[in-house]
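Dropping the structure in here first, questions after.
Chain IDs A, B, C and D follow the sequence of writing; residue 1 opens each chain.
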Amino acid sequence: MALDKIGIAKRIAREIQTGWYINLGIGIPTLVANYIPEGIEVVLQSENGLLGIGPFPSKNQVDPDLINAGKQTVTMLNGSSLFNSAESFGMIRGGHVDLTILGAMEVSEHGDIANWKIPGKMVKGMGGAMDLVASADNIIVAMQHVSRSGVSKLLKKCTLPITGLRCVKKVVTDLAVLEVDPEIGFRLLERAPGVTVDEIVQATEGRLTVEGEVPEMTF
Amino acid sequence: MALDKIGIAKRIAREIQTGWYINLGIGIPTLVANYIPEGIEVVLQSENGLLGIGPFPSKNQVDPDLINAGKQTVTMLNGSSLFNSAESFGMIRGGHVDLTILGAMEVSEHGDIANWKIPGKMVKGMGGAMDLVASADNIIVAMQHVSRSGVSKLLKKCTLPITGLRCVKKVVTDLAVLEVDPEIGFRLLERAPGVTVDEIVQATEGRLTVEGEVPEMTF
Amino acid sequence: MINKLVANADIAINDIRDRSTLMLGGFGLCGIPENCITALLKSGVKGLTCISNNAGVDDFGIGLLLQTRQVVKMISSYVGENAEFERQLLSGELEVELLPQGTLAERIRAGGAGIPGFYTPAGVGTEVGAGKEVRNFNGKDYLLESWLRADFSLVKAWKGDTTGNLIYKGTARNFNPMMAAAGKITIAEVEELVPAGSLDPNQVHTPGIYVQRIFQGSNYEKRIEQYTTLD
Amino acid sequence: MINKLVANADIAINDIRDRSTLMLGGFGLCGIPENCITALLKSGVKGLTCISNNAGVDDFGIGLLLQTRQVVKMISSYVGENAEFERQLLSGELEVELLPQGTLAERIRAGGAGIPGFYTPAGVGTEVGAGKEVRNFNGKDYLLESWLRADFSLVKAWKGDTTGNLIYKGTARNFNPMMAAAGKITIAEVEELVPAGSLDPNQVHTPGIYVQRIFQGSNYEKRIEQYTTLD
C-alpha cells in the first residue's frame, strides 16, 4: 500500500545520521523532524537565520520574532544560534549543511529537480531552494510518485522550469526509495510495503534500473 | 619654517567635518586624533574591528583584547561597536568611511601612492592600505615633502611599488598643503608658516600649479 | 558620537521620492519595518522598486503598498501567501524579478561591502541564469551576480542607540543587517531606543556607520503568519 | 546537540600532518590561538602553509613556528614587527604571499561561504594584481580574487559552548569568525568553556556548525605589542 505523508517522513528519518546539520524544506520534509530516531543527535537549520530549531511553542511561549522558514512559530534549544540571511546562505553554499530534504514537482533521471514555478499558473518563487540544491552534497527529495492526474513525476526530463541540475541523490516517494545517478538514472532501492516492483515501473517515466530482489521498506 | 609632525597633524585636523567616520593610518595620521577641534563630532574606525576608538587607557584600564590597527592598547567610547575583519573592510570598500588619512613614501602628480614596500630592503606588507586607497573617495596623505637625503617625494611618477592608482586627493607635508588632480597634477593651496613658494617649487618634482597669492596655513 | 535621531517615521521617510529604489528588511512578516511602511502609505509616494525577500501578505507589510499600486517592481525570492501580488504578477501590472534567496542576500551584502560582482552556484542551468556569465571554478559552474544597492534602506531592529547601532532579536534579524549597509540612506526603526553607551559594543549586530536616521517605533503589531503551537 | 569537546590542544591538533594548510586567527598578537601554536611546536609538524594576517613577533605567536622552520609559506597582509620573518623572506627561505588585508579577509570569508570568486578594487594597478583578471564595473576597475580554504582552522574565542558556538571579545574577534567557517576542520580554543545553553543565541558570533573541535584553553599570556597608556 502506498505510503501517506507521515510514512514518507518516517522513511526519510531513517537516512539521518548523528552529528548532521540538516535543512528541511516546507511540507513533508518538515514532518521528518518528528520521526528522528532516539539517540540520533542532529541540528536543524532554518535558512531565515536559526540553527537548532526546537519544537513548536506552547501558547504562552509563542514569539513572533522566532519563526522557521515556513513562517511557523518555533522555539530554540540549548545550543541554538541566530544569524543573518547572508551568513545562513554562506553556511548552505559553503557546504556546512550535511543533508537537505525538500519537496519537488518533478525529478529527472539525471537528478534535475523542478519545484518552484508552473508557468502561467503559479509563481511563488524559489525561496532558498536554488541555493540549497546548487550547494548541498546530499539532497533527498520527498514527493508523490505520480501526480493527482496519474502522470509520473519521475521523468526522463523535467517539463517545468528547473530549480537545479544533476543534484538529487535520493528520492523517497509514496511507492519507493530510489537512488539517482546522473549517468544511469533511477535505481530502485526499496518498495513501500505491499507495493510491487511492477507498479513502481509503471509509475516511473524516467529510466529505472531494478536489480535483484527489491526489499520492502522498514521504518 | 617647515612643520614638525604635530604641525602636519594639526593642519590635517582642520580638514575634518562633523559627522564623519574616519580611518587613521599609523604614524602622523594617528596623531591627528589629538587635534580634532572642539565641537567636531567624528567616529574613528580601526580596521581590525572597532568603530569609536577612545583615548589610550589608564594603566588599570589596559585590555590586551582591545587594540587599534597599530597594535596599541586603546579604549572604547559610548556608542562604540565591534566587528570582524570582513565586516570592517566591507565598510571600507563599501564607501562608508568618509575620510582616510595615511602616510606615504611617495605620491605622484596623478595621485598614485607608494607606501608598502622598498624592494630588497623592506617588506612589511600593505596591511589595509591597498583596500583603503582603492575604496575611499577622500584620501589625505600626511608626509615629509622631501626624503632625508633631500629627494622630492612628490613625483612625476612613483619609483617604488604602487599601493594604489589615482587616489590621493590632498597632501599635507611639512612645507605645504596641495590638492592632487590626476589630470593636472599638484596644485599648491597653502604654505607652511615662513616657507616660500619657491622653496616648495624646488622641493616638488611632480608637475605643480601655483595660482595667485598662496596663503600661509592657519591652524 | 554622532546623533542620528529623528522624531518619527513620517519625518524619516520625508525625502523618499517617486521612482526610488527601496530595500525593506524582513522575512515574511518577521522583522519588517512596520512604521516606515505605514508612513509610505500616508506619503503616497509612487513608482517604487522594492527589494525585499517577500512581499508581505494581502493586508499587511509590503502587501499594503501593492494594494495602493505604489510599487512598480519587486525584487524578491518568495512571494507566496499573497494573492494580490500573484494577480498583479500574472497580469503583468507588476514587474517582478525573482532571485534565489541566498543570491538575494549575498547581492545585498555585496552592495554594502563594495563587491561589484561575485560567483554563486545557485541558479546555474535555470531561468535565473539567463543572460548571466557562467564560469567554471574547480570543475563546477557558477553564475556571476552583481551587487544590489538602494536609495533608501528601511530596517527594523529590536534595540538601537542614538548613534545608529542596532541589535536584532531572534529570526527578525534576517535581511536587515545587509540592507542597512546597502542603502545610500538607511532608516532604522527600533522597538527600544537607548542612549549611546547603553548597548554592549560586542553585541551590536549593525554598527552605526551604516545608519543615517533612527527613530523609536510605535504600535508594533508583529503579525504572525503561521501561528503554530504544541497545544 | 552535538558535543565537540576535546580534552586539550595536543589532542585537538593530533591529526595535522606535514604540508597542511592552516588558518590561524588573530590580528597582531590579539586573538591568536596560543594553545594550538604551542601544541604545533611540540608536535614538530613541518612544511606548513599558514594563512594569518600577521606572523606574530620573533618570540611569540606564529613567530615561534618560523624560528623552528615549521612554516614554508605564509599568506598574510602585514609582517612588520618580526625581524626573523623579514630575514627569511628576503633570503628566500620562506615563501610569502602578501595580500591587502581586506582582500585576505574577504577571500577567507568567501571560502567559508561557498563563493569561489569575487571582484575587489584593492590592488588594481599594483603587484598584487599581476596575473589576475581585471574587470570594469560601472566605470571602475576591479580584480578577480578567489576563495581561500584551509585543511585546519585554528581559532581563539573568549567563550564557547560544547556544541561549538563562539563569542569573541573586543578586537580579538578580527579574522577568527571567517577562518572558523573556512576550515575543513576547525579547532576552537576558548578562555571559558560553558555547557550548551549558557550562551545567548542572539549573541553568538560563530555558530557551532563551523566548529568541529573545541577545548578549554589554559595559561593565556595575551602579550601586548604596543603597551600604550595615558599615564
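The criterion applied here is as follows: a contact is a pair of C-beta atoms (placed from the backbone, for glycine too) under 8 Å apart; a residue touches a chain by one contact, two chains touch by 3 or more.
As the structure is a computational prediction, the values presented were derived from the model and not from experiment.
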{"item": "Between the pairs A-C and B-C, the one where more C-beta pairs touch", "value": "A-C"}
{"item": "Geometric centre distance via CA averages, subunit B-subunit A, whole Å", "value": "55"}
{"item": "Subunit C and subunit D, separation of their C-alpha mean positions in angstrom", "value": "33"}
{"item": "Centre distance in Å when subunit A and subunit C are each reduced to the mean of their C-alpha atoms", "value": "28"}
{"item": "Where subunit B and subunit C are represented by their mean Cα positions, the distance between them in whole Å", "value": "36"}
{"item": "Residue list for subunit A, restricted to those that touch at least two other chains", "value": "50, 82-83, 86, 89-90, 92-93, 135"}
{"item": "Contacts with 2+ other chains: residues of subunit C", "value": "106, 109, 113-115, 120-121, 169-170, 202"}
{"item": "Chain contact topology (line, ring, star, complete or other)", "value": "other"}
{"item": "Contact pairs between chains, per stated definition", "value": "A-C, A-D, B-C, B-D, C-D"}
{"item": "Residue numbers on subunit D that touch subunit B, as the complex places them", "value": "27-31, 53, 76-81, 86, 89-90, 96, 98-106, 108-109, 120-128, 158, 169-178, 205, 222-231"}
{"item": "Contacting residues of subunit D [partner subunit A, same complex]", "value": "1-3, 109, 111-115, 161-163, 165, 181, 195-197, 201-202, 204, 207-210"}
{"item": "Subunit A residues touching subunit C - in the complex, by the definition given at the top", "value": "46-50, 55-59, 61-68, 70-74, 82-86, 88-90, 92-93, 112, 117, 120, 122-131, 134-135, 161-165"}
{"item": "Touching residues (chain side subunit D, partner subunit C) in the complex", "value": "106, 110, 113-121, 135, 137-138, 140, 142, 146, 167-170, 202-203"}
{"item": "Subunit A residues touching subunit D - in the complex, by the definition given at the top", "value": "18-19, 21, 41-43, 45, 50-52, 76-83, 86-87, 89-97, 135"}
